[in-house]
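In what follows, subunit A forms one complex with subunit B and a second complex with subunit C.
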Partner chain A sequence: MTDRQLLVGPFNRVEGDLELKLDISNGKVSAAYANSPLFRGFERMLLGMKPSDALTITPRICGICSISQSAAAAFGLADAAGAGLAREGEKVATLLHAVENVADHITHFNLFFMPDFARAKYEGRSWHAEAVARFTAEKGSSLHQTVAARAELLHIVGLLGGKWPHTLAIQPGGVTRAPTARDIIRMGASLKAFRKYLEERLFAAPLETFLSLSNSGELESWTSGDAGLFVRIANELGLSEMGEGPGRYMSYGAYPMSTGPLFAAGRWADGVVSPVETEAIREDVSYAWMLGDALHPTEGQTLPDAEMREPGYSWCKAPRLGGQTVEVGAMARQIVDGHPLAVSMATGKGVLGRITGRLIEIARTQIVMEELLASIDVGQRFMDRVVVPENGEGVGLVEAARGSLGHWMKFEDGEIVSYQIIAPTTWNFSPRDASGVAGPVEAALVGAPVDPDEETPVSVQHIVRSFDPCMVCTVH
Partner chain B sequence: MNILWLQSAGCGGCTMSLLCAETPGLFDLLEGAGLSFLWHPTLSEATGAEVFGMLRDIEDGTLPLDILCVEGSIVRGPAGTGRFHILSGTGRSMLDWVQSLAPRAQHVVAVGTCATYGGVTSAGENPADAVGVQYEGAEMGGALDKTFRSRSGLPVINIAGCPTHPDWVTETLMLLASGTFGLDNMDGFGRPRFYADHLVHHACPKNEFYEYKASATQLSEMGCMMENLGCVGTQAVGDCNIRSWNGEGSCTRAGYPCINCTAPEFEEPGHGFTETPKFAGIPVGLPTDMPKAWFMALASLSKAATPRRIGVNATADRTVVPPSLQKPKS
Partner chain C sequence: MDLAEMETFYDVMRRQGITRRSFMKYCSLTAAALGLSPSFVPKIAHAMENKPRTPVIWVHGLECTCCSESFIRSAHPLAKDVVLSMISLDYDDTLMAAAGHQAEAALQDTIEKYKGNYILAVEGNPPLNEDGMFCIIGGKPFVDQLRHAAEHAKAVISWGACASYGCVQAAKPNPTRATPVHKVITDKPIIKVPGCPPIAEVMTGVITYMLTFDRLPELDRQGRPAMFYSQRIHDKCYRRPHFDAGQFVEQWDDDNARKGYCLYKMGCKGPTTYNACATTRWNGGVSFPIQSGHGCIGCSEDGFWDQGSFYDRVTDLTQFGVEANADEVGLAAAGVVGGAVAAHAAVSALKNAQRKSQKSKTREEA
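This part shows the complex of A and B:
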């Protein structure tokens, strides 16, 4: 029995536009419907273009995951050519990608997620004054420091990639600029400055100390830095009891270097990691404003239903792996990769788990970036000549900040004839499928508490933002 | 001055770029200039019903609006309804909202090439029927009619770029706040002249290669990218190489071509983005304000006069031959 319905939007501090329809009964969300209300049609735009033009067009799907899109396109083109990036070029491409991912994570934590705890709703809580000082939207001290640290970190992309977002530096054969020894030293200074920010502000402790936490009990007693404030808030508000995901996680493997990914690939369910069988992916369109059947992305189509007929309620397709929903993102990657703290929080930790996954990944990625930079041999080539075939097909699979991103492409006579993209938030924010199974965020919202006077329930905001949705990527 | 920022059909990258503003950072800069966001989708606390209420207050005139910034193109599809983008929670298309709010604003600013001219969102078959706020490609008349003027009397101010440089946006906003920005400060496509009076070519580190037409033959080589790799920095407006991006970056500094992202219809070059179309072996797109015959004559002379240092370095991925030492005259 539904007491009332809410239509929630404009939903901000998520990337892009999101609308939620909520059924409320007995003071809780009883059903949620996630609508991605913007259709641009990148998969159709690309038809007829030259394969290499995907390197210019696809990063512009998303201004926050731009390098992820760029890397997926470059890997797809390299796959079609049966080639790969020059070894040192691969390191530079990975460094560029890692910088973007970690910049996205700190942006999410500080600018998107935490400001909700500075809301007047939480006045009187023991931590509220602290949350207001650090995290008030646009004004908090942590926001200001984070924006400065992020801008400085992105100097690495300026140097290697020209600008952020929307670089053309990553190519199927490598990267367009060979760094010099001086460049490496300069970027090393940027990385040291970023570590200092993390160790003084976000964790207020050595990264390695945070990474040595091995279970949620240890995390619950972490008090230092902005991470400590978050843990304190999460403990008091019971954030681990809200927003539980499907309990199945997927990662294509982050930073797919020729020596293997730096964070492992796999599908995690019930404590068991198995390979990701990408051939078992289908994009269901039963509840999308899309025509056609549930197809694998190599056969996929993008046929928007201009009539926007029911039962469709979103422009987002519903990807399923072996017929099931999976959650993707930093937490998924860290669970699949076996980080003890992440694994200990794989189930039953909801919003707390998802944010913790991101904190773990911020700390680990800083170390990855330092090691990568130190390993670059400036005496080597950074690009090999790779000729993309006139006819062929390729797949580029990467891990964006928000999770698994895939590009499936086909070329004929030097033109793109098929280009299908499944973005992280397509997985997490998908609508229902033919079996009526709700997408991950839709399911996670069920049970969220709603006060009688709330039009835009704050619990719903915490849950949605814990996924860090990127709505512009979702439909693309 | 207050600012309402709407994100329409784009990638959000101009906001992400804006957050890269430095010395001072974005928040301090805006505060110092007396600028504040009524609402910004990435930055503000307010969500949902609170925002909807504020939009209605602006619409009915109870909340005065100084600057309306629109990021992203405006989609008109399907069939002119704009329903490919309903502003969530409102049941109304972004097309409808922009048309309704723009006349209320003292100034309307289109941020990024999607918002100015349609940009990448209008590429290919333009599936969503995307246009700019006041332009459709190079033609005036987009979501707003070509006769539209905001309350200040100015047409839409077009901060083109894909993405926009953070300073292009902040400096335009500061000029508006200072009351010193007028029609004379805009070029023929509505772009602020403080950056559109420059070419990407200006201060390009590859200029010496350009002087001798010492060309890169493939990406990663240091030479000029005009002859073979699609670079149009000699025609594209922007002070990218003068002020640089994200520290010391720019497209050409990173070794890939300028694709003219500040221009209408850059998304449809008619050839691959990293290829130079040629006719009889001669690049088609030569500098716009130079007689072609003079260009060809100078090019062949300078090519013949290319010093070895420049010729060798042009096709290398790093400096192979350094400048020769100049001993002081005794």
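This part shows the complex of A and C:
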């Protein structure tokens, strides 16, 4: 029995707009409905454009994961041409993408997620004063340090890509900028500065020490840095008991290189990793304001229902893998890749697990970036000639900060005739499907505690933000 | 609220723990960023010590948030901190603490409290199809929020290509009828700061100028601040000597690309784009798109998203509808360069380019 209903939104400190409808009974969420209220129609605009224009148009889906979009488009075009990026070019492309992903992770932790613990609701908690000093929205000391560290890190993208957001450097054959030896040194200094920020502020310990944690018990006694403050808060508030995901994780494999992805691809369920069968993906539109059938993205359409008829309640389609929901994101990648701490927290750790996955990935990605930079041979080619066919089709699969991103495209007579995008938050924030199964976030919200006087329950905010939604990508 | 009761900028900065020394440094940086002589530094300081703080409401419509992302990465952390604390972003749904009804209330409070005195900064734009239901904020179309917030604003800043012109979401067939702000708000001074996104230092520069001098900066005919949008990328481009010498990149992977030759043949829109990229540069002044080996796509010009392929050469300036509205000075200069570009094309026998240009024209007419 539903005691009351809440409409939560606008949701701030998430990328884009989000609205949740919550049924509350016995002081807990009994059902949740996620609405992505923003629709722009990129998949429709791309029709009739030249294939290469996807490189400029699709990054503008999102101002914080624009490189992910650009990489997916470039890989899709390369796939259609039966080609790949030049060896050194793929290193630069990976470096660009890794910088963006890690910048997104620290932005999420510091600017979007942690400020909730500085709320007055938590006054009196032993950690509250510390949380206020470090994480008050727009003012906290950690926020300021993070914004400065992030700007410095993004100099690497500036140098390699000319500008960020909306970088144009990644092309189907490689990258437009061949770095010089001087650039390598300069970027090395930026990476060193970023490691310093991580080791003095976020972890306040060597990254390798944090990465040597192998189970949640060891994590619970981690005390140093902003990560330590988070763990302390999580322990006290029981964040591991809220926001449990579907327990199935998916990763397309982060940073696809000719030698294989740097973080493995796979689908994880019940402790078993199996290959991702992308042909088993369907986008269900039963509860979306969209017309058409549940189709694979190669056949997919984007036909918004202008009447916004029921039972639709979101512009977001509902992607399913083999008919099931899957969770995507940093935690999914680290579980699929087999990091011991992540694997130990794959089930039963809710919000705590999801944030920990991101912390693991921040530390690991810093090391990946350092190794990549050191391996770049400035004397080699960074771009090969790739001719995108006038007729053909391609798929670009990458891992954005928030999870698996796919572009499925078809060309005829040099024009795009089909372009379908499934973004990470489309997976995580999908509405219900034909069999009534709720999307991952909708399911994760069930059971979240709600005080009688709460209109915008703080538990709901913790859970939603733990997924780091990017609502502008979701519907695009 | 009585203006006399309001804090000054300096009060706010002091409250944020900014030292006198940092404050003076900020005033110098501001003068430099705005291209003013050092004699302006004390004037800026005086204004900030005596003028009431100007509140800013920052709202988001149909957008990708790239403008905010650019803004918080401004090169001078000090300038960014100061500007952020100065404007306090009285309402900004990407960065603020509140959520839900609280946030709605915060917006309403700010509007009431500072009626007629605040600046409304708009990121993104309203989609008008289906009564605006493609972008819903707090259960209502964004266009309603925009109209409501604009009603009592002193002035409106249109951040980025979305708010200024429509940007890629307005690309044909413009499924949601994404509409620039000035087509919806017609009774307020509007300052356009286009670019996708705009350069961070341009954003902080514009807002600092408005807060410091309490007036709009000089605008060009398109409503852009002349101090940042009066120069053509092509004229300030460090690769310009290669253009003049006829040295071009012919293919992405050729030796000329490595040598840093001109990207005109790769579709660079520098010859028809007015922005500060070539001088201010990006991400703390380290580079800009042309320096990374990719042509300019002209993202600060109206309609850049619907001009045929981004990799087509600029051969026919009539494609660029924007030139018809630009400053007369800009028009004349562009005309001359248009001629030069056309001549260049002819000399190089760029039949391919001409064919492409024909094709994009046909598409435009279709």
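Here, the second predicted complex is superposed on the first by the 476 of 476 C-alpha atoms of A that agree within 3 Å, B and C clash if a C-alpha of one lies under 4 Å from a C-alpha of the other, contacts with A are read in each partner's own complex, and residues count from 1 in each chain.
The rule is short, and it goes like this: a contact is a pair of C-beta atoms (placed from the backbone, for glycine too) under 8 Å apart; a residue touches a chain by one contact, two chains touch by 3 or more.
The model shown is predicted, which means the values in this text are computed figures rather than measured ones.
Asker: Assess the superposed three-chain arrangement around subunit A: do subunit B and subunit C clash, or do they fit?
Answerer: Here the two partners, once superposed via subunit A, clash with each other.
Asker: Given the touch rule stated above, what does A:345 touch, subunit B (first), subunit C (second), both, or neither?
Answerer: Neither partner.
Asker: Would you sort A:66 into first (subunit B), second (subunit C), both or neither based on which partner it touches?
Answerer: Both partners, subunit B and subunit C.
Asker: Per the contact definition in the header, classify A:205: touching subunit B only (first), subunit C only (second), both, or neither.
Answerer: neither
Asker: Is A:332 contacted by the first partner subunit B, the second partner subunit C, both or neither?
Answerer: neither
Asker: Go through the superposed model and pick first if A:7 touches only subunit B, second if only subunit C, both, or neither.
Answerer: both
Asker: Common interface residues of subunit A with subunit B and subunit C?
Answerer: After superposing on chain A, subunit A residues 7-13, 15-17, 19, 37-41, 44-45, 48-50, 52-53, 55-57, 60-64, 66, 111, 115, 118-119, 136-139, 144, 147-148, 150-152, 154-155, 157-169, 171, 173-178, 304, 306, 308, 315, 381, 383, 385, 455-456, 461, 472 contact both subunit B and subunit C.
Asker: So in the complex, the part of subunit B that touches subunit A is made up of which residues?
Answerer: 7, 9-17, 19-22, 25-28, 37, 39-52, 75, 77-79, 83-91, 119-121, 123-128, 130, 162-163, 218-220, 240, 244-257, 259, 261, 267, 272-274, 317-318
Asker: Which of the residues in subunit C come into contact with subunit A in the complex?
Answerer: The touching residues are 16, 60, 62-70, 72-75, 77, 80-81, 84, 89, 93-104, 127, 129-130, 133-139, 167-169, 171-176, 178, 196-197, 251-253, 257-258, 277, 281-284, 286-294, 297, 299, 305, 309-311, 363.
Asker: Okay, in this complex, where on subunit A does subunit C touch?
Answerer: Touch list, subunit A to subunit C: 7-13, 15-17, 19, 37-42, 44-45, 48-50, 52-53, 55-57, 60-64, 66, 86, 111, 115, 118-119, 136-139, 144, 147-148, 150-152, 154-155, 157-169, 171, 173-178, 304, 306, 308, 315, 381, 383-385, 455-456, 461, 472.
Asker: For a test of understanding, state which residues of subunit A touch subunit B in their complex under the given definition.
Answerer: Touch residues, subunit A against subunit B: 7-13, 15-19, 35, 37-41, 44-50, 52-53, 55-57, 60-64, 66, 107, 111-112, 115-116, 118-119, 136-139, 143-144, 147-148, 150-152, 154-155, 157-169, 171, 173-178, 180, 304, 306, 308, 315, 381-383, 385, 455-456, 461, 472.
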